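Structures incoming, each one as structure tokens.
Look at the two complexes coming up: subunit A is in both, with subunit B in one and subunit C in the other.
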Partner chain A sequence: MTASGDSFRRSRDVTFGNLHSFHGGLKLPGHREITANRPICNAGIPPLLSIPLQQHIGDPAECLVRPGDTVYKGQIIARAPGAFSVPVHASSSGTVIAVEERLVPHPSCIKEKCIVIETDGLDRVADEQPVAIDYLQTEPEKICELVQQAGIVGMGGAGFPTRIKLCNRKQHIELLLINAVECEPYISCDNRLMQERAAEVIEGVRIMRHGIQPDACIIAIEDNMHAAEQALRTALEAASETGITIIRVPEIYPSGGERQLIRILTGREVPGKGFPADMGIVCQNVGTATAVYHAVAKRQPLISRIVTVTGEGIVQPQNFECLLGTPVSHLVAAAGGYTSGIERLLIGGPMMGYAVPSDNIPVIKTTNCVLAVSREEMPAPPPAQPCIRCGKCTDVCPADLLPQQLYWYARSNNYDAAQDYNLFDCIECGCCAYVCPSHIPLVQYYRHAKTEIWTQEAQKKAADIARKRHESRLARLERIKQQRADRMARKKQALSGDNGSKDAKKMAIQAALDRVKQKKEQASSTPKNIDNLTAEQQRMIAEADERRRNRQPGSDN
Partner chain B sequence: MQFKTYSSPHLPVNDSVSVMMLRVLLALIPGTVCAFWIFGWGVLFNILIAVVTSLLAEAAVLKLRGRTALSGLLDGSALVTAVLLALALPPLTPWWIPVIGSLFAIVIAKQLYGGLGYNPFNPAMAGYVVLLISFPLELTLWSAPGAHPGFVDTLSLVTTGNLPAGQSLDALTMATPMDSIKTRLGLSETLSEIHASPLFGSFAGAGWEWINLWFLLGGLWLMQMKVIQWQIPTGMLGGLAVIAFVFYAVNPDIYSTPLFHIFSGAAMLGAFFIATDPVSASTTPHGRIYYGIGIGVLTYIIRTWGGYPDGVAFAVLLMNLAAPTIDYYTRPRVFGQGDEDSP
Partner chain C sequence: MLIALITFGLLALVIGLVLGYAAIRFRVESDPIVDQIDKLLPQTQCGQCTYPGCRPYAEAIAADEADINQCPPGGESTIQALADLLGKDPKPLNPEHGEHSEKTVVVIDEQVCIGCTLCIQACPVDAILGAAKQMHTVITSECTGCDLCIPPCPVECIHVVPVKTTARNWIWPKPDAIAAEVDTA
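After this line comes the complex of A and B, so read on.
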């Protein structure tokens, strides 16, 4: 630990290992043993890859390829249009067969633009490969650039572009916090990653630390991940790394939430509208750390990730290393297919994941789990009953909200009151709905209310713009009218003034007459269209006149 | 393949309103058995009549409202209301008392406000207070502790009003301990003189102290099962005990001990089973404490200076009125807002 790291400890009165707790939370059944003890398996190259342009928070990437193009593994196929975006790479070699709207992993199951690649199964890479570098000799800015070029986003689930977190130069970062707390049931991809590739994780953390230059660096791990923790410690020892501390945190859902984890470790709370960086803390997932290692040390872009495929609906639950864009159906087939009891397919964990109607969707950068559950495992939710205000939801809410009040206001469309009760501090962890004895889908109500409020705000903004435009138009017309009136008034005054007015009048009249005369002269001097005619044209005019004259008497008859 | 989609979270819940209500009923059993032991068959008759009336009334109103009566009945809330109301009634009261009380509780206090989850007042207490105000005489028909008439005699008394041969109503019934304190303090007797009467036991009313003790045990179990939270019972009993202690310290001749107060009348039943009715109570963690204290203090005030011997029912209804305001002013500090409690 550096001297400044010690000061961080003292100044914040934080003694690592002396943990804090957050309000609420749940002890959930783990269901992780099924996959946590089996090795990561490679899912192989699927015949078709469907790679969405948006796999992250921010602006979608801009497509650089056209149908028919041949792409190499790792080639950039869509570029980031701005700072708040990341590029997308081809996960394997093959031919682009379409750039079209396809189903993507999304809570609302929408279609978004995807680059569809027919793979050739050869995994060919471009001839020119970048040279691996020694990150310790590299400028932090260069590391950020490499991370951005590799298309890395937070792989814990949010998909926030990692570069933005790594290259925050506005605030001195005191603590780099590596989140290895996989608190949702069933998911074990980070756990397996640490067990099998601890050295890569540690190298990734060291690179990020080099990029951020924090005072202290902590890896927070769940207290039941013994094998993973041991692997990390061994890797730390092997690397003779002493500046990274591993801290066990209790297994309470949602301790893996960024804000909850920061609270556990430091006792400090990130304000609802703020970011951890405002407090000098950067939080990164272990999967992201590994991606950073590959991007910087090996110069490989983010084209694959580890996904837990599990649930009673899966024949052989296991963790898979799979290419981004791999269809979920391919992944499920690699895991032995569905069992007969399959009823629900979830992307993500059972608390915050979403159910999708089809498995024809790709794995993206943020997909950590494919959970196929049977009816017995997760029966259809019983019908909701009235809220009896028992307050169990309040007792478990990690954001210290009053879910029963939020429900009341969300249900009655009283969005002002819902916001007054801090609706937007809800992290949608699902604890409230899990304990609700009335089986009310509380999170659904909150999501609906949030969406409604966003829509209303957008509409209000649009209406404001329209109103402003209208008002400024009226003001402009008024101004023009006023200017005209002023001009008239000035003219009038000039014409009817008492001092030397007659001379002025005369002069004005004279000037006007002069102008008229000038105009007349100009008119007479300008050529008419019957001047300068050719002989032929004059003859034709004469003939026409003749005809007219001849017809005149006839018409009188 | 098409999969079913539901909203998150997906993990199955294992709690339900019916289970909660069932646990409340289970927790009432020890106190009820004790009340039966001390006051006889009338206790069970009251419960039976109130339950049947409540369930019929609930089913009828639900049907009128176009709801499925069965699921409404299965939530068990009407059952709990009926039992709580019945436990508040004197054992020798005529059959139509629990009928009227239950009808008012279910039809007016609960369903007319929108049914389960929407009633601003505790239905059982609303029903009880209506009876107390309208039929004060019938609500004094408590039998002497341990000296209750038999099954047949009680049945005929409750259903027809016919007294057992050779007995007068005055001989069968007896003032409750708190009633007698109120009356005799008015006759300028001191508490020590009053407590010499056989109506009183070791620290509170004879029999009543046991009933309260068993309700306390049931209530603690409910707390253990997390059906109720600690704030309301603690607030109510604490508020009651503290104010009782203050006045007892000032003048022990006319003010009863805190122990007497928390083990008398409906104190324990009120603290663990009535004040904790979640629908009409305060719902914020701090608000529940204030709500409980309010009930405790009001109970003491009504008991000591009011016109009725016990004040739990009125105190609960008054605090029901205050619950929304309490909730508004006791909202918890939201995560990340304001002062953080760093070490």
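After this line comes the complex of A and C, so read on.
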């Protein structure tokens, strides 16, 4: 009774909007009105699409096409090698011209394997299109399968395969939380999506609800997105859907973070090493909901997304619907090109995004924003000064960490201590670095420490495997040596000179002689191919026999 | 007096028996300190420390026959870890044994390989695949970069290449702490 009563109270608590708050956070200037009031524009089909094999967290997909292959729109061009991966589809029809390493949107500026498609501009689809289905009549398992086949990952930024979140059958899900809190400045792609395609969002949410069967379902939206909220409410009414509640969340960065949003709505904290699913909560982005709608109701894979192209470095900032693999340069050109004031190009928002050296990179499933900033808008940070231990970073940390301590330990390579201070609970929101009066690039220290720890752990794992392989090799060599020694010992014993073994020797000789004799008998037995001989053959055999008989007396001499 | 002697004698006997039994019953097969040292070593099995593999080196360190600064693949971090474990002072890597470098792996130029199997016999972790007069290849994910296969190769078809940086093993650069260093100076 207690468990269900508790969960009921909790889900009722959240549906009636008793909001809580999380520690820290910042009120940031939005800069969203530039793009939020302009309609989504279709970016069209670029001449070249470069589609990376890895656009998500997990294992990269395995390429299924070769240069020269013709591909259709929506065709699977790379398959998922395991459960922790998703397939990749061709965004438009055309010819594969290369499968090679190209620049991808990643802070490292390294090249990763991409499938490059020269588009034919026809957007041809395969002849056999899957039939649209009525999702309400579909098994939840079937929905999971369709979501996986469509290659859907979390489109809010992290790119976690959606199927894993959607199809966790171990835990009863109390709350399906749809994250429409687009808290980072400049970004408005989810906002526009809700304003223009609210019905698709709602249908997507209903499909996910059917797949998960949660006790409650909430769409959390920022309290300044009036138009989007109105559109969603209208769509809810039109669908006469009463099971989905819309809740306004105060505009504090980073209230759109999964853990922060759960904290705001339920007052509960997701354990550091745990997942929201452990607490019976599944959190999905609105963009993901739309993708699920297309995957299940229309049987279309994830091949496009909405990207905000903005900043003072862009002539006409706008949201674009673009095919995955579209070069950022194509999007920028569609937005009127760069202004003369452009200073830097970022992928993602100003807080969590990263600078990229070139616009010759493709849009991938997790790209929500292309931000071209001017010098005045986002000046290069002044050189870092020593930490004065003011504690401002601790005040704003939404994960309730001690950024100062983490900074000391990350800087001095004391990674064990950094982990003791819960480095891995850091969501890299950038609040601490934003308020730091000494302009210390705190987040970069944390990112360095995290990746360094991962590398060390991977090395340790590799060392363990190497040790095991070395030990089993030594054991094998030892075994072979032992076997050889045993064989030699047996042989030696057989050859040594006592009586018993002399008999054995004689017996061995006898056995060998017997074998020879047997072979001879077999050889002298009549051949099997002398039946049904022709007269000619018979005559030749007789002649040969004659010759042999004549020669024998001679050879005796 | 006599009672005391007998009591203590018996006590000594009982305790002796218990200890003797425990020594057999709970005997530790190997020296645990060797295992601990072995865990810290990079398991390259390259032999640059002059011992035939990481475990023999660990045994030598445990027996105080070898110094802790003889492992070039491990570098500074391994020396530091060993020093912490053994309560010794860390010292710089002994240049006699080589220099620390980034991890590498080997690749076989399959056009040139004659299939002599000499490298297979040299590989300490069985990371080379092939058979007599058949082309050989390196299982890159298992290669420790010990370079032991290079000297035996009669046609010099084995090359050292750095481990490829991908999005998965890339490390965020550490910000340079120029101004921040001022406070410690």
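The rule is short, and it goes like this: the second predicted complex is superposed on the first by the 449 of 557 C-alpha atoms of A that agree within 3 Å, B and C clash if a C-alpha of one lies under 4 Å from a C-alpha of the other, contacts with A are read in each partner's own complex, and residues count from 1 in each chain.
The rule we apply is simple: contacts are C-beta pairs under 8 Å (C-beta built on N, C-alpha and C of every residue); 3 or more make two chains touch, one makes a residue touch a chain.
Please read all numbers here as calculations on a predicted model, not as lab measurements.
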| item | value |
| --- | --- |
| Contacts of A:411 with subunit B and subunit C, given as first, second, both or neither | second |
| Which superposed partner A:144 touches (first subunit B, second subunit C, both, neither) | neither |
| First, second, both or neither for A:283, with subunit B first and subunit C second | neither |
| First, second, both or neither for A:185, with subunit B first and subunit C second | first |
| Touched partner set for A:441, first subunit B, second subunit C, both or neither | both |
| Contacts of A:353 with subunit B and subunit C, given as first, second, both or neither | first |
| Contacts of A:385 with subunit B and subunit C, given as first, second, both or neither | both |
| Which superposed partner A:249 touches (first subunit B, second subunit C, both, neither) | neither |
| Touching partner for A:306 - first (subunit B), second (subunit C), both, neither | neither |
| Residues of subunit A touched, compared between subunit B and subunit C (which is higher) | B |
| Intersection of subunit A interface sets (partners subunit B, subunit C) | 383, 385-387, 438, 441, 444, 447 |
| Sites on subunit A touched by subunit C in the complex | 54, 104, 106-108, 110, 112, 383-387, 411, 438, 440-441, 444-445, 447-448, 450-452, 455, 458-459, 462-467, 469-470, 472-473 |
| Contacting residues of subunit A [partner subunit B, same complex] | 12-13, 18, 20, 22-23, 28-29, 109, 185, 259, 263, 267-272, 274, 338, 342-346, 350-359, 371, 373, 377-383, 385-392, 394-395, 398-402, 404-405, 421-422, 425, 428, 430-431, 433-439, 441, 443-444, 447 |
| Residue numbers on subunit B that touch subunit A, as the complex places them | 1-13, 15-17, 19-20, 71, 75, 77, 115-118, 226, 229, 278-279, 281, 283-285, 288, 327, 331-337, 340-343 |
| Sites on subunit C touched by subunit A in the complex | 38, 41-45, 53-55, 103, 124-127, 142, 144, 165-167, 169-175, 177-180, 182-183 |
